[in-house]
Amino acid sequence: MTADLLYSEVEEELRASVRALLADHCTTAAVLARCEGPAPYDPALWRKLAADLGAAGLHVPEAAGGAGASLRETAVVLEELGRSVAPVPFLGSVVLATTALLAACPADPLTAALAEGARTAALAVPLSTAPGSAFPAGVRVDGAGTLGGRITAVADASAADVLLVPAAGPQGAALYAVEASAAGLGVVPRTSLDLTRPVADVTLAGVPGRLLAAGPDAEAALQRALLTGAGLLASEQLGIAEWCLATTVAYLKERTQFARPLGSFQAIKHRLADLWLETVGARAAARYAADTLARGDADAPVAVALAQAHCGALAVRAAEECVQLHGGIGMTWEHPAHLYLKRAKADQIALGTPGAHRASLARLVDLPAPVSG
Amino acid sequence: MESELRERTAALLAAHDPADTDRLAFLQARFDAGLAWVHFPEGLGGLGAPRSLQAVVDAELAAAGAPGNDPRRIGIGLGMAAPTILKYGTDAQKRRFLRPLWTGEEVWCQLFSEPGAGSDLAALGTRAVLDGDTWVVDGQKVWTSSAHTARWAILIARTDPDVPKHQGITYFVCDMTDPGVDVRPLRQITGEAEFNEVFLTGVRIPDAHRLGAVGEGWQVAQTTLNNERVAIGGQAAPREAGMVGVVAETWRARPELRTHDLHQRLLKGWVEAEVARLTGERLRQQLTVGQPGPEGAAMKLAFARLAQELSGLEVELLGEEGLSYDDWTMRRPDHVDFTGREAGYRYLRAKGNSIEGGTSEILRNIIAERVLGLPGEPRTDKNVPWKELPR
Amino acid sequence: MTADLLYSEVEEELRASVRALLADHCTTAAVLARCEGPAPYDPALWRKLAADLGAAGLHVPEAAGGAGASLRETAVVLEELGRSVAPVPFLGSVVLATTALLAACPADPLTAALAEGARTAALAVPLSTAPGSAFPAGVRVDGAGTLGGRITAVADASAADVLLVPAAGPQGAALYAVEASAAGLGVVPRTSLDLTRPVADVTLAGVPGRLLAAGPDAEAALQRALLTGAGLLASEQLGIAEWCLATTVAYLKERTQFARPLGSFQAIKHRLADLWLETVGARAAARYAADTLARGDADAPVAVALAQAHCGALAVRAAEECVQLHGGIGMTWEHPAHLYLKRAKADQIALGTPGAHRASLARLVDLPAPVSG
Amino acid sequence: MESELRERTAALLAAHDPADTDRLAFLQARFDAGLAWVHFPEGLGGLGAPRSLQAVVDAELAAAGAPGNDPRRIGIGLGMAAPTILKYGTDAQKRRFLRPLWTGEEVWCQLFSEPGAGSDLAALGTRAVLDGDTWVVDGQKVWTSSAHTARWAILIARTDPDVPKHQGITYFVCDMTDPGVDVRPLRQITGEAEFNEVFLTGVRIPDAHRLGAVGEGWQVAQTTLNNERVAIGGQAAPREAGMVGVVAETWRARPELRTHDLHQRLLKGWVEAEVARLTGERLRQQLTVGQPGPEGAAMKLAFARLAQELSGLEVELLGEEGLSYDDWTMRRPDHVDFTGREAGYRYLRAKGNSIEGGTSEILRNIIAERVLGLPGEPRTDKNVPWKELPR
């Protein structure tokens, strides 16, 4: 194996910068206060992260206006964003939309705008879309070249300046850029399970779009985005799990019951040891996914499915244990545990459930299902 | 006995035709006829009959269209306060409290848990100090359902901090209209607020509202808590009642959502749910023939695990739809309704099943020690005065 | 629900008798000593149980020479046999063969001989056959009316005087009685995972048989035997689990580590509490299966599949926990835990795995599998 | 350094052509050339080089067809005795023991565990009493692999029962040919006997064979045990190595055995196995750059769980064939071979993975306390003289 599963010094420095930024500008109290208001995303934080710190362009080549690092670095940012359930459209804009754009037409000026954090985009597919799904047919291009149709449950759409819309064009699959301000475009936020990454329904009625790619290029761009999104989501899930584990451990060291710290009770200790073990595994799996994606390694589809199968379930379990082991306080709105639980549960569905990814693995590693039902 | 009950029920219905009797008047008449809870003593809503015969009365009254006392609204009074008052109350207390409790004229709540005393309830710190013949109470309680609608509360408070924690507790009936009682809603992860925080500041309780002896509140509270656990675990139910039925229905109605992963997990959940149902049914049959088993704690454990697994599965099954939530608005529901809301709500609310009314961790301790007879852990808090405990 | 899930006084008395017999004549030391020898079954114990105590005829009607009790009582015997991994051919003879015979032709004199414990039979199907399986085609009836073919992994065959052999006859399915002493019949014991209920391969070459039933009657008799066997096996599995739990609890109360009884460690306590909970569930499920089978209730197929799905996995888990929590001593041949582990694991395969029974439930309770693989 | 090693290896090969050198003579020459374990000191089989460079030497020698020292046969000597002798031994002990240990001339075994002291190893009761300059040892040890082939044993015994249990232990090298050593095979649930019970009756050990100070045997033993855990967890492996590969192969070869239940479980097991493999690979990479992580204990836990799950799944997958066993004959294998035998053997043998070399329960304690920093449980055995402990 030639994969590098460690974090480089540069990656650790990047992590420290992002973590410091989030510590200052993304307290859980602030996230909690914002999530029910009219503006669930934090534009100031987003500007600092995407533009000032340069996190939006890490995996964009320098020639296309980015930092020329790789998806490994972007994954490190996602770990930290997961650890703080930050209300920023990073997954939608930096991971999904930017990856699709880089695959479709990297020279497009939008690429540089996204990489600089000057503009924000979203990929207009339901967040639940798994890699390998059929090209969406919900939006059609009419004779006049405008787009019509509807896409449900799009992540980060309400924070986007521009939407990348897969559509069924005259020559088949096509990918368009549509301005959020365009007439005929509607973005209606849903009441979302995940309070810090709400989804929205997008409707298009005769909306003008700019063609980015068509045919196999459009299909490949979408698949690349979905695969990359699923793979890097594992890093976010790792971050969620790490926060939940660390927060729970800290609480249990302090909280006393029966004149002993709760964390001294063996049943609790063993559960946390098991959770730690799975988290250690998640780190290896998420790193492997990021590394194979960054290198364009042929094993990337296996690595992504593996990471999602493991990390998707782990993040939920870690958040559930966090709630349970905090006892009553973990059930209250004022404690941040529920923000992680809701993000973890939504992430479990996002870009393919663990079960869907295991089904992919069955094909990829030749462990076929029984022939009959 | 059964025929006597049928006769009394017929007599009640003859004297108070449900069709033209006021609801409260009917309930009061039923109480006075000894048909409220037939296993209670005569004069206190019962006839000293076997508890199992209550079903006979209930069936006859239901058939006649008689009004019920809405147990869901007054569950804490019926399930916890009443058995405790019956066992430990003075005659005056029983006469004063039980009738309006049963008819629902007076709602009850329970002031036991504190922010620093949940599973380790005996560590509670709410203080009650005697001033003449009145106790003055200061402290904070939490996870109090019905506090905002309750007229009375059962309350445990520390009356002696200088003795080990189990010994210095006394049990009271607290008037929720006392000006020192401040009830604030406690919002949960579902968005709603089923429970309350209750702040007690100089609340005055006459010594006549003490239940049991001073310093023996812990023993009195055991009666309350044992009844709580029975109430949670003891209900019979048809196949596919509860969470499993909700998921099974979605599965049948929505073939496009099916995957083999979910199918296998659903089947496992269905098996667990049906086994739990049969276990509950066996428990019910044991109780009927007077062999109470220790399965009550097991039922609550199983119920919590199932509700969590299946509601989590349902959200996953719904996929894209599972990304939505029905409503985050803060509401004040008067009971938990798992089926009246959507999957996301069920998923979040079910997380409380393994915490409220005894955490799953505490229930496992109870099973291990009381059922299996495994030895306790080394205790460092047994003979230490409460005021010297770490907290 | 009209099912009676309790044990009657008569059933408790029966249990006490069987348990007393086994305590005297079936110590684990004796079972261990016997299991590797040339005679893995204990004929003396079998005679006492089947004939003297009358356990072989409990569910056989009085008219057919039995006690006229029901499968509920037979299930109680199985609980006790499971609790002592008794090396007797009860499952093969009393449950599988007798049930098949009762369904095929109850008036046959063999029925009374089996019920009295005077003779011992086995049902010649692989022990792994699940209810609902297709009628076996491994044995054929030739023109001369004799049987030829092979059946693998038959339980209790080496202890049987007579084999009930499903065969493909001239008119389709048929059930024959074949004497173990018949020329051309071979019964070759396999080295079996389960030391106390070995399986054997049965070969037939021109063996004369006595026709017991043909066509749908033969098919129904076999299905009835398999369904009954699977349902009552749950009681044996319950007995295994109860022995494992009780033995483990007793050991952990006594064994000291770090100056404390091992059973005072909370992680251990919680595992045992969970195991107890599942065992309590197994008792309810096994009783429900026995009761519906005894009453011929229409819900019996659901009850059997349910009981097997739960109890099959539970017995294995209980035996595995028994080995693990005994530490090194549980890994030794001299400790009886392994006898239970091996029986439990073989029972998990016997008469359908838990997975196979869950698949049955999917059909029985209308929870259909996805249409595509 | 690397080039120097290559030169030395070439010189060794030039002086001792593997094609016409006796196996033992070659191994001795290799040891004397400092190429046995390059991180050991000069004169003791090494050159004080970085441990990671051993791979360079090994590769060159393997390419030249040089004989190896069969680490499987002498694993306890290499993995446990050698690091301990190196750290705590006198110069005389190092010179006497390390060379024949490495070449395999002398096999070693480990006399640590006792019937009453497994996870709580420090509770051990084997006594060693000084008689002049010789220790006289009496007691019983158990789970000793290689005892029947070993020339030497590392042994811990109690030399002072009047102090707390960790303080009264001393560490020895025991001569297995002493007439007081009685080795008996210990049969396992698989039918075979990998291990032994060792009865020690009046065994005489010269004080010169003590490792470390009297009463400091517990600290010395930590070196041995830490090396054991690293050895178990630290190996890199290709995808589908181990139990998962066996099951996957059967799955691919036998489509008629497949069911959806088994398929889902196999996929979960495959994911777990591959995640564990990547975790091990990450650990290896961390060690290479000198960041040893605490993942070693995790690897052993994960390995045990996986081996048990997957071998259990394999037996179920085989169905009717799973009812058979290959052979119950008592054998004395010199190593565990999971792939050389059938499914039933793998299933039974894997049960030991979570017991031997630190139970999974103890490993979870270690992770919780040493990695997560959770507080220890109340201890009642810390300051009590060994002889007063309950047992």
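Residue numbering begins at 1 within each chain, and the chains themselves are lettered A, B, C and D in the order written.
Just so it is clear, a contact is a pair of C-beta atoms (placed from the backbone, for glycine too) under 8 Å apart; a residue touches a chain by one contact, two chains touch by 3 or more.
Please read these numbers as outputs of a predicted model, since none were measured by experiment.
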item	value
Distance-maximising chain from subunit B - centres being C-alpha averages	D
Distance between the centres, which are taken as Cα means, of subunit D and subunit C, whole angstrom	42
Whole-Å separation of chain centres (CA-atom averages), subunit B against subunit D	55
Rounded Å distance, subunit A centre to subunit D centre (Cα mean)	43
Interface hub residues of subunit C, defined as touching at least two other chains	260, 265-270, 358-359, 369-371, 373
Two or more partner chains touched - positions in subunit B	259-261, 263-264, 361, 364, 377-378, 380
Overall pattern in which the protein chains touch one another (line/ring/star/complete/other)	complete
Of all residues in subunit A, those that touch subunit C in their complex	265-270, 369-371, 373
List of subunit B residues in touch with subunit C within their complex	248, 251-252, 255, 258-260, 263-264, 266-268, 270-272, 274-276, 278-279, 281-282, 285-286, 289, 291, 295, 298, 301-302, 361, 363-365, 367-369, 371-378
Interfacial residue positions of subunit C with respect to subunit D in the complex	36, 126-128, 152-153, 190-195, 199, 256-260, 265, 267-268, 316, 320, 323-324, 327-334, 337-338, 341-342, 345-346, 348-350, 353-356, 358-359, 369
Subunit A residues touching subunit D - in the complex, by the definition given at the top	1, 3-6, 249, 252-253, 260-261, 263-266, 268-270, 272-274, 276-277, 280-285, 287-288, 306, 309-310, 358-359, 361-362, 365-371, 373
Subunit D residues within the subunit B interface of the complex	260-261, 263-264, 377-378, 380
